[in-house]
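Think of it as A, B, C and D in the order they're written, each chain with its own count starting at 1.
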Amino acid sequence: MAKNIYIGKILKNEEVQKDCFLMKIKIAVSFETPLPGQFVMIRIAGLNDPFLSRPISIYSFSRKNNFCLIELLYRVVGKGTQIMAGLIEGSQVEINGPLGNGFEIQSVKKNVVFIAGGIGIAPLSLLIENLCRRFPSSLMTLYFGAQRASAVIGLNKLQKMCRLVNICTDDGSLGEKNLVTRVFQKDIKKFLPEDTSIYACGPKEMLVALGKIFSKNEFDCQVSLEERMACGTGACMGCAVAIKDKKGALVYQRVCADGPVFYLRDIIWE
Amino acid sequence: MKLKTAPRMAVNLGRLKLKNPVMTASGTFGYGEEYADYVDLNKLGAVVVKGLSLKQRLGNPPPRIMETTGGMLNSVGLQNIGVDAFIEDKLPFLRKYDAAVIANVYGETYDEFKKVTKILSAAKGVHALEVNISCPNVKSGGVIFGSDPKIAARVTKTVKEETSLPVIVKLTPNVTDIVAIARAVEKAGADAISLINTLTGMSVDLKTRKPHLKNITGGLSGPAIKPVALRMVWEVVQMVSIPVIGIGGIMTAQDALEFLIVGAQAVQIGTANFVNPHATMEIIEGIQSYLAANKIKDINEIIGTFQP
Amino acid sequence: MKLKTAPRMAVNLGRLKLKNPVMTASGTFGYGEEYADYVDLNKLGAVVVKGLSLKQRLGNPPPRIMETTGGMLNSVGLQNIGVDAFIEDKLPFLRKYDAAVIANVYGETYDEFKKVTKILSAAKGVHALEVNISCPNVKSGGVIFGSDPKIAARVTKTVKEETSLPVIVKLTPNVTDIVAIARAVEKAGADAISLINTLTGMSVDLKTRKPHLKNITGGLSGPAIKPVALRMVWEVVQMVSIPVIGIGGIMTAQDALEFLIVGAQAVQIGTANFVNPHATMEIIEGIQSYLAANKIKDINEIIGTFQP
Amino acid sequence: MAKNIYIGKILKNEEVQKDCFLMKIKIAVSFETPLPGQFVMIRIAGLNDPFLSRPISIYSFSRKNNFCLIELLYRVVGKGTQIMAGLIEGSQVEINGPLGNGFEIQSVKKNVVFIAGGIGIAPLSLLIENLCRRFPSSLMTLYFGAQRASAVIGLNKLQKMCRLVNICTDDGSLGEKNLVTRVFQKDIKKFLPEDTSIYACGPKEMLVALGKIFSKNEFDCQVSLEERMACGTGACMGCAVAIKDKKGALVYQRVCADGPVFYLRDIIWE
């Protein structure tokens, strides 16, 4: 009985870019320090509609003397995120977390490559911050693709942390007009599997494309997956993803409890 | 004006004694350990574990869940580790706690029901079996067994012959006449009846014109279905003499009390756990407070006190 | 990128042509006049009026309604002014508008169904009959007629023999096998099928330990039941060849489109009218916008385009 | 197509007494001037839980140059009113109304008696205000009973408008310690049926007791009833009340469309 449902108080809830909000939440000091890649289940206290909590990655975290601050970066895509976007300062939210397994960062190599698509930057931001602190000598390279310039969030901060930031957009409004997977593929020769750690998060199409790129080589790529969730704690079996088990057979694992971070090579796409 | 002693919360489900009437519903509480960080398992009346089959089951392909107004659809399809792995890997953990362990039994055939029952009955620390003849998300067995009184009775008999544990039969609400099924399983020897399992439903993604669930249809649970569950419990308690366990959309102590007043001997909390992992604890405390506030010394004094 | 002309919205329910697929559900729109201040009745595909019996019916004693999560229970019990008073006092008003008028027919006996049908068929300005064999709130007739394929078929035949109007049969969801009932009424000559009527439910007042509804049980409607309704529509459209009208929890154009995509030829809006008297108008406009945005010229191009 | 659903903006939502709130709402100028006794159906825009709108009487109304102001006086008794009480200034509510038939005031007599129980004062306040203006020469007497002093709302204003105000409370914390029906009964000899109009609103027990008092004489008493409502417009038949028809037979009428004001003598209590 260590885990609690926290009541968070919204300190800020800003539209940082069109349809993209940054929510700053004050929460009790007992909130566990999250690992990069972990997430929270968030809901509006007392509301039955929307009914289920929504999973959102932890974008940033800091521990103060007698409280903690967490930031969530989220895109408005439907009812739940719409209602989140409408919450004003001082409103309360229910937070369950941190949940899931973060990225594996025990054995980070000399080169670290991040590949982000759109709002996929959210969990990667916390990871980049964390790795910068823990492995200051690693060479960090970020590939960040988005639909348009306005969907490139937190660039300043990211540029300070990474040696190299490659931006591309679907419409060419910032950086190269290209898909992030293509931009990375052009560069892949610069990296060697044995001294490169790769982390990716983004839409399914991006991850599928990455899967193809890495199917022909030895790179280890960790990706953070998304799936609709009910419990977030591993109980409902709702957030299944098809994974190859040790013998190569298909099993369904839970994004919330077995992930959300998986090795890309283990994932079986439909 | 307070009672000198806390209200007594123990209830009997036939031979099965529970320290309070609040249990978890199968499939919504994993194998107990998933919620052990949130809930003091010692405080629960019983833990009903995820449906168990003879061999492990993969379950249905994703997406498996979708939110609806006041509820959710699921098409998990009884993904489970199989009865042997349950006994080896999960039961030892549950044995450490002071909550009755109820194994939810699933079979595609009478023979599978028989075998799973046999294995579970030999295991230490299983206090009762809940026979699932009501899962809407599997091709064989499941709800098909639960829609026909004769088949439901035969499954019940099959299980009863293999075990000396109390046998609870869990019914599906997707039937014309729930009382007929309930009476059939009572006659076949069921020690108690659980109702309801989920209502079958579906929803469509307008963008793709595909179902939100890969399995197309799924089971509807949550507060949306509570009125249907309560009605079925009431219909059944009037016509059987074995205890009935009320399930369906219970979110609060108030909801649980409605079921008890109508005549359920105990309740199970399902989808509420997802939305509020503390739900079971809050419901137990809430029932206690209600009893204390109404100066009722024993929970049995309110069970079945409905004034229609 | 806009279509040059507005999307065509007309649909056919067999012989019955509607200018758009949006109608009101029986019992939720009075006799039309109750909403005439809020809604332009000319814009509706059809108005389905409150269930009509031979003589006026008192209805059930109050309380008759209760809110539930995402829905409501009602036990109105078919209070209505009787078929003659309808024709005399209400029909003239409805005739003034350019919306098909569908009379919902209710009888306690085959004979009552016959007589009501006869009277309505002779009236000017009734475009179709909807046979209600699914009301859960009356002691005789109602849901009992709708739970058995044979009886459902016989009611259908009885009505068909007395009328040359298109006959829509409205089914209850409180059955094990909705397809069996649907096929039975199709075989008996039904021109179309409406589904669903309400699910039977109840709720309890903790203070008094009495039911919230004097009638104890009532019909559950509203968005809570939408997944069940959609599933039943989908099951039925696959197995019958007459048109199906989708009903149940439709609150928005999105909800209506889910039913159309799954294969309903039209939809009825019920409880939504209570919560939002403009619901029907917003749904018609919403469907039009959806079609325009997706460059679909005719609503018939999306009906039944579900990709399971 | 005259009626609309109005979006009202909350200007004030104050707890005027324990559990009793006064909500001031700004609404479009096209809102029809309500008759005393009429009500609105109110809901929080976009919320499906609570699902149905709630009926609340119009407590006061004023028409400004380009908007209207309505005030609702409501007691928190359950989920819906709880949520109403939590609404802050600037929030929006959906308002359908004015609905129902107001009190019959064509033939107001020399003496006018108001009998209010608790929050039943809400529709009577607007009525009193209205009658004071229209029939300044009538003698207005108010009998106002409440559980305790703090439940006596708007006394100042009421005392200004009525010649005589008789207060009583269940606990004696203000006025006489007695039931309002008993206090009125003691005074009944002061009034003559032929020159007295009586209006009452309050809990069912109060109305039943009044029914007994008036069963033995010729007084005409109009009462405003409450019943759970779904549509508020007469369509659902949900808000039935048992009424004697002209022949004395029981029929169910609709509180929303046939009422909420009825003649007390026509009501059949269970």
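Note that in this section contacts are C-beta pairs under 8 Å (C-beta built on N, C-alpha and C of every residue); 3 or more make two chains touch, one makes a residue touch a chain.
Quantities reported herein were computed from a predicted structural model and do not represent experimental measurements.
Enquirer: Among all chains, whose Cα centre is located farthest from the one for subunit D?
Expert: A
Enquirer: From the mean C-alpha coordinate of subunit C to that of subunit D, what's the distance rounded to whole Å?
Expert: Centre separation, subunit C to subunit D: 36 Å.
Enquirer: Just the number, please: Cα centre separation of subunit A and subunit C in whole Å.
Expert: 47
Enquirer: Please list all residues of subunit C that touch 2 or more other chains.
Expert: Residues 68-71, 222-223 of subunit C touch two or more partner chains.
Enquirer: Touching at least two other chains at once: which residues of subunit A meet that condition?
Expert: 48-49
Enquirer: With chains as vertices joined when they touch, what's the shape: line, ring, star, complete or other?
Expert: Graph shape here is complete: every pair of chains touches.
Enquirer: What residues of subunit B sit close enough to touch subunit D in their complex?
Expert: It comes out as residues 69-70.
Enquirer: Sort out for me which residues of subunit D touch subunit A in the complex.
Expert: Going through subunit D, the ones touching subunit A are 47-49.
Enquirer: Quick check on the complex: what are the subunit B residues that touch subunit C?
Expert: Those in contact with subunit C are residues 68-71, 73, 147, 174-177, 199-204, 206, 208-211, 216-217, 220, 222-228, 230-231, 234, 249, 254, 257-258, 261-262, 290, 305-308.
Enquirer: Which positions of subunit B touch subunit A when the two form their complex?
Expert: Residues in contact with subunit A: 27-30, 34-40, 50, 58-59, 61-72, 74, 76, 79, 222-223, 251, 271, 273-278.
Enquirer: Which of the residues in subunit D end up touching subunit C in this complex?
Expert: Counting only subunit D, the residues touching subunit C are 1-5, 43, 48-53, 96, 227-242, 250-252, 257, 270.
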